[in-house]
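For reference, the structure discussed in these notes is given below.
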Amino acid sequence: MADRRLSVSLRQPSPIPLDLEFTCDPGDVLAIFGPSGSGKTTILRSIAGLYRPGHAVVMSGPDTWSNTATGAFAPPHQRAVGVVFQEYALFPHLSARGNVMTALGHRPRGDRRARADELLALVHLADHHDRRPRELSGGERQRVALARALAREPAVLLMDEPFAAVDRAVRRRLQDEIDSLRRTLDIPLVLVTHDFEDVVRLATHLLLLDRGTAVASGPLANLMSRPDLTWLREAVGLGSVFDARVVRRDSERGLLELAFAGGALLASERAIRVGTVVRVRIPAREVILAAREPSGLSLHNALAGTVSALSSDPAFDHVVVQLTVGGVSLLAEVTRDAIARLDIAVGRPLYALVKSVSIDVISSETT
Amino acid sequence: MDWTALSVSLWLGAGTIAILLPFGIWLGRLLAVRQFRGKLVVEALVTVPLVLPPTVLGFYLLVTFGARSPLGQAFHAIVGQSLPFSFTGLLVASAIANLPFVVQPIQRGFEAIPSDIRDAAACCGLSPWQRFARIELPLAWPGVLTAAILAFAHTLGEFGVVLMVGGNLPGETRTLSIAIYDRMQAFDDRSAGVMAATLLVIAVVTLMLTTTLSRRAGFARG
Amino acid sequence: GPVPAAARPSVAAAANLNFALTEIAAQFARDRGTPVEVVFGASGALTRQIHDGAPFELFLAADEEFPRQLAAAGLTRDDGVVYATGRLALFAPKGSPLTVDPQLDGLARLVSSGGVTRFAIANPEVAPYGQAAEAVLRKRGLWDAIRSQLVLGDTIAQAAQFATTGNAVGGLVAYSLVLAPGFAERGTYAVIPDADHQPLRQRMVLLKHAGDTATRFYAYLQGDAARAILRKHGYGVAN
Amino acid sequence: MADRRLSVSLRQPSPIPLDLEFTCDPGDVLAIFGPSGSGKTTILRSIAGLYRPGHAVVMSGPDTWSNTATGAFAPPHQRAVGVVFQEYALFPHLSARGNVMTALGHRPRGDRRARADELLALVHLADHHDRRPRELSGGERQRVALARALAREPAVLLMDEPFAAVDRAVRRRLQDEIDSLRRTLDIPLVLVTHDFEDVVRLATHLLLLDRGTAVASGPLANLMSRPDLTWLREAVGLGSVFDARVVRRDSERGLLELAFAGGALLASERAIRVGTVVRVRIPAREVILAAREPSGLSLHNALAGTVSALSSDPAFDHVVVQLTVGGVSLLAEVTRDAIARLDIAVGRPLYALVKSVSIDVISSETT
Amino acid sequence: MDWTALSVSLWLGAGTIAILLPFGIWLGRLLAVRQFRGKLVVEALVTVPLVLPPTVLGFYLLVTFGARSPLGQAFHAIVGQSLPFSFTGLLVASAIANLPFVVQPIQRGFEAIPSDIRDAAACCGLSPWQRFARIELPLAWPGVLTAAILAFAHTLGEFGVVLMVGGNLPGETRTLSIAIYDRMQAFDDRSAGVMAATLLVIAVVTLMLTTTLSRRAGFARG
């Protein structure tokens, strides 16, 4: 695995401050998350060799792409990167197909056209082969840019807000396409996004950036359940993310039975094969806490756990309660009043009530 | 109508473009993309052939490439032909005289390409050469077209340099411009007028065709 | 705009008079106390300019044809007079294999030995000196042999430049040019006998609106002082 | 009011199909919502006079901007529109300040600079006055574009995905700024967006577009609670939106008491003056249905109502239940299994359980 | 060194630019922005002055504006001065001869402005004139600069047209180019060389200054 790992270390005080270091393994998706102007695009440009910070080490597996200490520097076209540019940077004189074909230089000449059309179909632009960028809508342009980046079959994929201009339905489908591609290609993927759904659906790791400095980074599950990251909460909405296995599909009741470290979960049905490992996300504000197991409700899931942490932030009137359910952290966002009424404190046993429809089941597989 | 002179003129125009465009594209792109010491000086020097009166430029070229000069002798030793009073010599002189028309517009053409397009081309894995051929040149095309049009038209009309370096040899270095001038000197305004009109019609038609074809080919900005 | 000249130039002259006329004008200014401004150019171009209103008062042409045209157009006071006859010289630049002599024997030898690469004359189509050169070459039976080696100058000065720069083995140029300052170091020459070609009579005319100074200069040019200078510069002058 | 109403009617079969008609009153925000390539940008361009469809009538109050029937056409600069372009279209040779000042031609010369700086501060770019567009990050550019559109003090504001490139924290603040500006300026505002939060926080009206055709349009509250708009549900997530009045702020318990047509609601506290009318949104998937009033839960709101409609979509395994609570429609998204277990049918009395933190209180006022 | 001739040359260069740039900007922009019938023909016709040998062009201008032509007589009647053989006439002739250098590069400059920038300018409420002055002209500036440089340099070196129309009158129509040519015809290579060198140095310095100042002013693309 580590033979194609991307490792990056960038440091400079000015003009664009940078101070960070990360690695990304093949098959992993590192989401870079940070306010506007914090340096996300600059990081991607540094990896691609389009920007040269004062101190930079960029390695793709055994290949040194940049090393300011030794003076090593591979020019951008010798780095096997696919880049979705934030502002697309399409070639204005080429059709959508021409744009994609430009990145297919590694394929035999005869195959390029067919492959370009395949990729355009993948991004739902099968009808727009011959249009030039200026004859496309904003979202269509962005999808051409995405197809072009994928065409390269790169060793590293860098995407700068790749779905910002597309509607949610297309976005979901693209997220799924990217997710399955990432697994097939088995390459590191670095994703810059402001959208939490992108993070939840695609990211395995997260890097939180603030004015060029990595304020936190690590596997998504760890970061998402850290109650101290109020900054993250404000930006993206807090939630718990963990893996689970599909145990049964109950089409009659419209349910999907999942097993996770903390027990069983009923989610609403989706076309996923039994046995598949999926990612589960439960938004903190949709979790209800109860002192005893309730009945007569429309909800299915009552998970027994123990309060392991409480955190409140003066900027918010909510309290985040961390409940440990069989080793898995579950976050619930409740009002201060609820804390008082239910007498919630660390060590208190409680039930976490979760609607089936509140459980996001994320899987690239759709049988 | 001096058809031989017309043919010399057209060959000279085509030849000048054939020599100058590659060089102009190379130098124009260099000036557009690279920052280097003395760039400003190079930019200014490129316009020098324009500043000198053509006959004077022709005289200096005659001296520089002439039978007496080391350069002229070296050329003669290698090619077995001397530059002055030959079509080859005309071509060289014409290329030098037209240099300014070619470099400046091409430089602007390359300068107008946004840097993110260049970046994207590199990130598509295109080598510098492929980048140049597939992305930069098509996008700089309007500038190249202007260069070609100015150089071609100016070569047809050029007269001072050509006369000085070429020596007015029929079929070899007598261009239509010289023929028109000669007729006019001989107060044969009628022939001069016919030839001038022919030259104009040919030039206008060529330029219109070039522009149209170039636009058809869709080389201009998308 | 630029400062306009205080004293309006009034004399237009053929380029071959460059040296002689400059000297005569200076002498005139010294003798008579009034300067004249002389502008040199190709006779043909000057003729056209006069047709179209150029403010010249006296025109010294390189031949007789141009003044006649102006006279026919009614732009001149009269038919004018021949002020000089031009002469031709065979010139060979330094280092040239050509040896010069009035009968062109050296040239003939060089032609028959194939040693002539380029030979310069003025364009016979447009320049009187070119026509004279052609006549000389024909007379010596060299025209057909040398024709393909000829390089044609637009003016006689340009033909001389082809030769002085060493790009032609030699040329038939105006004698007046060969006598120009600094020209002698550039090579050797031999004067061609007048009888070998039609006389190169150069005529001058006063234009209709010519003023006093121009009229006086016209007369001065026909006087002894001017003739002596013309003769010194290689022109034939009627006695 | 109608004296500055924007009314638009656009029709053409090709090349970009258009078939729609709408009005937007001063103070209203019409959100245009539709898939990528459906013609949203083209509509804005037609209003601004940058695109001329086959048949077009555009009126701003009594002024006819376009009328293809009479041949009337006001050139773009004579239409008092402020436009945020989807791809910003900043002037590359001018600084951020210069860009904004360009749109301040209606102000006295001496005021422009100060006003431009004010607007840049409003979009959180106080430190970037002198930067040219190419020296700004993507989100920073977009904010300059926003400031430039506001600078115009137009009769109509057109915004094409104005927040697509900014992070969520800045986005929220900008939404609030726009919302209060809209009220102050009292002009019609047309907003193209893919983001549901934009719609919820800003829109009063919604136009759903599909391939150039308005498939639905009307006041937000009406559209959001129509259970038949499954397309909308997939795109944005269903919810109920209605108005409520702030009755009390209970800082001790961290709660905000609201009164609406269906009774009382407890939301988590926000700094809003008592008496203010706010917009309330409750996402359908966060509403729990119960047969009887429960106790011992962390939630505060149990609203008694009657099932007025049920809708299920074969593409989804959820059922949307419409509950009428004192005249207000409340939507709940539950599994088919829950329908069976609770025996839900039209006319059945039920409780809708809503967590305080699930109630989005939207108000431009922040005391 | 003929300082008067130098001053005539510089005034002529400056004057030509002063006349031609406004016109070239108007026409170049029109050709860039508008689509109209016969545009192609206009584009081709603009290059015509380049196709004719300068002396021939000069002759035709002389005939057109000369004492014998109705146009020349009308001008004389109104202004009390004739165009040929005057500085004003030179300026007119020089403007016509330099037209091709000016229109094409400026047209390319305007064509390179993306249409969404134009749209944005209109939506900022800028009138067509303000749009032109504040947005389009600054963005087309590299093309305008090229036009100015080519026209200025070419005016300094122009010779055939100037000699024919101007008539070599000292202090009025004798430019440095003509003076250099005269000296060269008189085999005074030394003086010719000195004057040519002076002309070159002045031209190169002017061009370098113009380019630098223009870049400083930040007129080029951001």
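Per-chain numbering from 1; labels A, B, C, D and E assigned in written order.
Convention: a contact is a pair of C-beta atoms (placed from the backbone, for glycine too) under 8 Å apart; a residue touches a chain by one contact, two chains touch by 3 or more.
Everything numeric in this text was worked out from a predicted model, so none of it was measured.
Asks: What chains, if any, are shared contacts of subunit A and subunit E?
Replies: In this structure, the chains that contact subunit E and also subunit A are B, D.
Asks: With centres defined as the mean of C-alpha atoms, identify the chain lying farthest from subunit A.
Replies: It is C.
Asks: Which one of the chains is farthest from subunit D, going by Cα centres?
Replies: C
Asks: Starting from the mean Cα coordinates of subunit A and subunit C, work out the distance between those two points in Å.
Replies: One centre to the other, that is 90 Å.
Asks: Would you mind pulling out the distance in Å between where the CA atoms of subunit B average out and where those of subunit E do?
Replies: Chain centres of subunit B and subunit E, defined by C-alpha means, are spaced 20 Å apart.
Asks: Could you put a whole-Å number on the gap between the CA centroids of subunit D and subunit E?
Replies: It comes to 56 Å between the two C-alpha centres.
Asks: Where the CA atoms of subunit B average out and where those of subunit D average out, how many Å apart are those spots?
Replies: Once rounded, the distance between the two centres reads 60 Å.
Asks: So which stretches of subunit D touch two or more other chains?
Replies: 87, 134
Asks: At which residue positions does subunit B touch at least two other chains?
Replies: 55, 59, 181, 184, 220-221
Asks: Residues of subunit C that contact two or more other chains, please.
Replies: Touching at least two other chains: 45, 158, 161.
Asks: Output every touching chain pair, sorted by label.
Replies: A-B, A-D, B-C, B-E, C-E, D-E
Asks: Within their complex, state which residues of subunit C touch subunit E.
Replies: Spelled out, the residues of subunit C in touch with subunit E are 1-5, 8-9, 15, 18-19, 37, 39-41, 45, 48-49, 51-55, 155, 157-158, 160-161, 164, 177, 180-183.
Asks: Could you list, by residue number, the parts of subunit D that touch subunit A in their complex?
Replies: 34-37, 40-41, 86-87, 136-140, 143, 160-161, 164-171, 194, 196, 234-236, 250, 253-255, 266, 268-270, 285-286, 288-292, 294, 296-300, 317-318, 332-338, 340-342, 353, 355-358
Asks: Mind listing the subunit D positions that touch subunit E in their complex?
Replies: Within the complex, subunit D touches subunit E at residues 45, 48-50, 75-77, 80-83, 85, 87, 89-94, 102-103, 105-106, 132-134, 148, 151-152.
Asks: Report the residues of subunit E in contact with subunit C in the complex, numbered from low to high.
Replies: Residues of subunit E touching subunit C: 4, 7-8, 11, 15, 55, 59, 62-63, 66-68, 72, 82, 84-85, 87, 163-164, 167-172, 182, 184-188.
Asks: Within the complex, which stretch of subunit B touches subunit A?
Replies: Counting only subunit B, the residues touching subunit A are 114, 116-117, 119-128, 130-131, 134-135, 138-139, 218-222.
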